[in-house]
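Look for chain A in each of the two complexes below; its partner is chain B in the first and chain C in the second.
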Partner chain A sequence: MATYTLRKVLSLIPMMLFISFLIYLGIELMPGDAVDFLIPPDALATMSAEQLNAMRESLGLNDPFLVRYLKWLGGLLQGEFGYSIQSGVPVATLMKNHLPATIELTVTALVFSSVFGVLFGVLSALKKGSLIDQVFSLIGMAGVAIPQFLLGLICINAFALHLNILPAGGRMASAGQSFVERLPYLLMPALVLGFSLTAGVMRYARSSMLDSMGRDYMKTARAKGIPEWRVNLLHGLRTALTPVVVLIGFRLPMLIGGAVVIEEVFQWPGIGSLFVNAVRSQNTPLVMMIGFFSVLLVLISSIIVDIVTAFLDPRIKLS
Partner chain B sequence: MENKDVVVSVKDLHVNFYNNNRCNRVLRGVSFDLKKRDIMCIVGESGCGKSVTANSIMGLLPELSRIESGSIDFYYQGRDIRIDRLKRKGKEMRELRGSGMAMIFQDPMTALNPVFTVGYQINEALMYHNQAKTKKEADQMAVQLLKDMGIPLPQQRVKEYPHQFSGGMCQRAMIAMAMSCRPKVLVADEPTTALDVTIQAQIFELMLELKNNNDTAILLITHDMGVVAELADRVAVMYMGNIVESGEARAILTRPAHPYTKALLDSIPVLGRGKGQKLEPIKGSTPDPYNRPKGCQFAPRCPYATKECETAMPGEQTIEEGHMCRCFHNLLKGEGI
Partner chain C sequence: MSSLDRKMDRILKREESGKGRRGIKNRTLRKIFANKLSIAGFVIFAGILFMCVCAPLFTQYSSTKVDLRSILQAPSASHIFGTDKIGRDIWARILYGGRVSIGVGFGSALIATVIGVSLGTICGYKGGWLDGVVMKLSEVLMAFPQMILVLILVTVTGQSLWNLILIFSVTGWPSMYRMARSQMLSIREEEYVQALKAFGIGSMRIAFVHMLPNAIGPIFVNVTLSTAMFILQEASLSFLGLGVPLEVATWGNILNVAQDLTILKDAPWIWLPTGIVVTLFVVSINFIGDGLRDATDPSQIG
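Up next is the complex of A and B:
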């Protein structure tokens, strides 16, 4: 397994080079550049072409495309992430400030959706066709069908504006609050995000469990005379779990960039909103860094998924 | 209890399946006795209710089915247990399964759970039926069981997963699991259909050994008359939910009374019937269970059928000592028995 992991991690390097180049190219191909967004439109009218050019020169925007990419890459290799063109703040600092918020939000939503998704899905499968199964499948459909922003707005309207029991947005009332004090802020965005994620896990868990319940080994287990709960939860669920874990594993990349919509709706100061702004203003160093880590996480997740699957299913060999 | 050797007694068993609001009368009055140390074979084409019979005894019928009438008595530890009255998933039934009666299945490769080691799956049976007190004890017993079933390197094999076993090995492991609590009855539902011929022979060898060493009664389901010729003490021939003929294996094989039995025998080469046998497949196919013939179920395919056969299903007739047949014109009639 160690050699497998090592080989996989090494194979990440060329992949990351290629993908980061593509992202860089993507930003390059967008119309305009950072300077166009840096200067307010009314100020732009008063500036001469030389002034603008000097600014481009100082930001290194006049270098040829390839040179700029290589410079960025060189910086990355030295652990130098560059500065936000917009604010001049080091990208590393920005990431450090925004990442915890995103992780807090997405981890809560992922844990919530995984636990309840599996629970409800398995319950649905065990009680297939019953009222409870139908209720869950209805909830599941709602989770898929209702857009996150809409559900977010409805919840803000209901719980913040009308009932006034939860704050409408933000992450904390004042700096330095403890996790418990911040909990009311986290609750709504995490649950709204979690709700839409639950549906997927639930449907997956249900069909996977049903599949497992129809297998021959279930009958063998019953023929052995072990209790029904053990037949279902040990033999049935344990085998049904593998595909569900894969699904959850492939959601790990959400930890960095996945909650864009929710972060916008709830003004959650995370990476998502940072990223949206950075793309809008062609803030190349910031976009590159967020993009880079998102992609890296996607690739790492797939390695994790491989390892976990091999661990869960003895038939699968890492190779 | 008429005979103290009888372990399972099935009487006039009717089982219906309720599928898509339609009722399929799958078993239509099945009766037989299974005796200690006997191998009883149930033969018949597929779809005639062999597995349903086996599952009824094990309390493993699917949800959509119901025992309508009849009885299944299991004589176990001095008690007469009415299997048909027990709740299928209830505690009593569960405690019988695996300890009093055990079952092995058609496809050993899928019958074992792929994510648990073979040893673990054998241990489960041992622990739940209090054969072993500690996990360690169970481990040792599992090794011994695999060894008894003729699996080489049992110490190593218990730690392996089913996919590391061949089909024959899997079935041996299944038998090890089934025999772990020394059941009185072993139900084997086409245990070798998925295996190749040499492996088949080995598995049958093993089953004969088990029956002789443990006094186990074996209910062996098969659609292969060849298997019957080799193993069976007694035979029940099933067709469309009825046992149409039953009796001593020798009698049935050499002097079949029911046209269906004869047709089955004519369709396969039988050992001891000499060379130059003419093989003839059975004509036609089994009727649609929802659209059955009115009288004898075999009538549409039967070369001996008369008008009478289309009026009613013939009743059980004892045509000689221990030989039952359900046919208006049984083939032994002319012989003056």
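Up next is the complex of A and C:
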């Protein structure tokens, strides 16, 4: 298991190096450099070209491109992610401030969609062709086709503006509120995000469960006289879950970037809003770094998926 | 078993009366027409498409004409879906906006398909270093979450209609490439390909003329599903104000004003009908895509 994991992690390194190079290229292509946003604008106006050049020299900005890239990469490994050109605040601080909100939202949505998606999908498969199956598949179709933000707008319109039972947006009324007090704020965005995610999991769980229900080992289990629910749950569901886990695993990257649109609709102060605002204001370093972290998360979760799949499915060998 | 026997009899009878290639073609069409959902999907799709393309037949208003004497009017006989904040007719905006939205979605899907399928066909058939390079490139692009990659590219290229099509094509081709490549890899092992090689036919000719038509089913399905995906993405991006520039009417740009809570609450006619049209259109494309997938899948009896 340990060597398997290690090999997977090592296989990431060339990919990450290449992507980090692209990201650095993106930052470099943007006009302006560190000197422009490290010094306040009023101070910048009074400084001479020589002074600025001396400063660039001391910061290593006049080095060849490859040297600068390697220095940047070294800084990255030590946690120096650069600065936002708008506020001059370190990117690391900005991300640290916005990450909890995003994780709170996406974990809730992910748990909700996984639990209900698997539940509904398995139910549809067991009662294939019934009314329940048809209702669920209709909901699934809607979940895929309705734009997330539209569903968000409809919910805000109904529950916040007309019924007045939930807040229209934001994460809390005042700083320092407890989780329970913030719950009404979380409810709507998490459910809307969860709803559109549920559809995919549900369709997947249904077809995967149908597939496993037709297998020979199910007949064997029934022939041995094992009760029906045990056959379905222990024998059917276990193999059916593997592809579903893969799907859910590939959604982990959402923890950083997937809630972009929903966060904007509900004014949720997470990474998604930070990202969209950075794109709006052409804040390239911030855009690129959030992009970089989302890729990192995608690659890490693909490793986690591989390991969990190997663990769940006895047919996959680790070697 | 008797029902299975009867089915077999029917299939046999059909095959006896059918004539070679035409029979296969008919089967695909017959399977599509047997699928009620895809027929419904096609009717909705064709209806919306026709109204958008022939927009001047269905509305006398222009999508951009500002009329400050009739701002924020509720639906009435003269403006069936009302007007927006600067007096533009919503119905006209939906129709003319549909042209752009559908155009962006379908155009991007088509470009992504041409790039992805050409590369996939060449690389899948020939393999070698080119395949390795393109494969790595597609892995890099696919490592980004879709929305993040699109927004990064928006930052780099700036906002415009053509840039958006370019960005969708760049982010869309890798999945097409993967699909075409895996199809080619499995077709490559067929005996007729060996025979063609033995005849001394050029490899590009074998790949594009003789092998590619056998992979056309999944490609069509992918074009429909990508079109739906790009239409949704355009709507989301324009809603955020980062897609097509605001002065161009698109479905996303009409919905954009709903970010304003007073409009959201008091003028639902601006955003709700547009939202319903987008959803209906995407549903109909999905139905067509599902129907196509079942119809072109030879393992499903029809």
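Here is the rule we go by: the second predicted complex is superposed on the first by the 267 of 319 C-alpha atoms of A that agree within 3 Å, B and C clash if a C-alpha of one lies under 4 Å from a C-alpha of the other, contacts with A are read in each partner's own complex, and residues count from 1 in each chain.
The definition used in the following text is that a contact is a pair of C-beta atoms (placed from the backbone, for glycine too) under 8 Å apart; a residue touches a chain by one contact, two chains touch by 3 or more.
Treat the numbers as computed from the prediction; the structure is a model and nothing was measured.
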Original post:
Who contacts more of chain A, chain B or chain C?
Top reply: C
**OP:** Would you sort A:150 into first (chain B), second (chain C), both or neither based on which partner it touches?
**Re:** second
**OP:** Mind working out whether A:280 is in touch with chain B, chain C, both or neither, as first, second, both or neither?
**Re:** second
Subject >> chain B versus chain C as contact partner of A:227, first or second or both or neither >> reply: first
**OP:** Considering only touches as defined above, state whether A:294 meets chain B (first), chain C (second), both or neither.
**Re:** second
Subject >> Which superposed partner A:80 touches (first chain B, second chain C, both, neither) >> reply: neither
Original post:
Is A:133 in contact with chain B, with chain C, with both, or with neither (first, second, both, neither)?
Top reply: neither
Original post:
Can you list the residues of chain A that meet both chain B and chain C?
Top reply: none
Original post:
Which bits of chain B are touching chain A when the two form their complex?
Top reply: 58, 60, 89, 94-99, 102-103, 105, 107, 110-116, 121, 124-125, 128-129, 161, 163, 174, 177-178
**OP:** Name, in rising order, each residue of chain C that touches chain A in their complex.
**Re:** 136, 139-140, 143-145, 147-149, 151-152, 154-156, 228, 232, 235-236, 239-242, 255, 258-259, 261, 264-265, 268, 271-272, 275, 278-279, 282-283, 286
Subject >> Interfacial residue positions of chain A with respect to chain B in the complex >> reply: 215-217, 219-228, 235, 238-239, 242, 312-315
Original post:
Across the complex, what residues on chain A touch chain C?
Top reply: 15, 18-19, 22, 26, 29, 141-142, 144-150, 153-154, 156-157, 161-162, 168, 253-254, 256-258, 260-261, 264-265, 275-276, 278-280, 282, 284, 287-288, 290-291, 294-295, 298-299
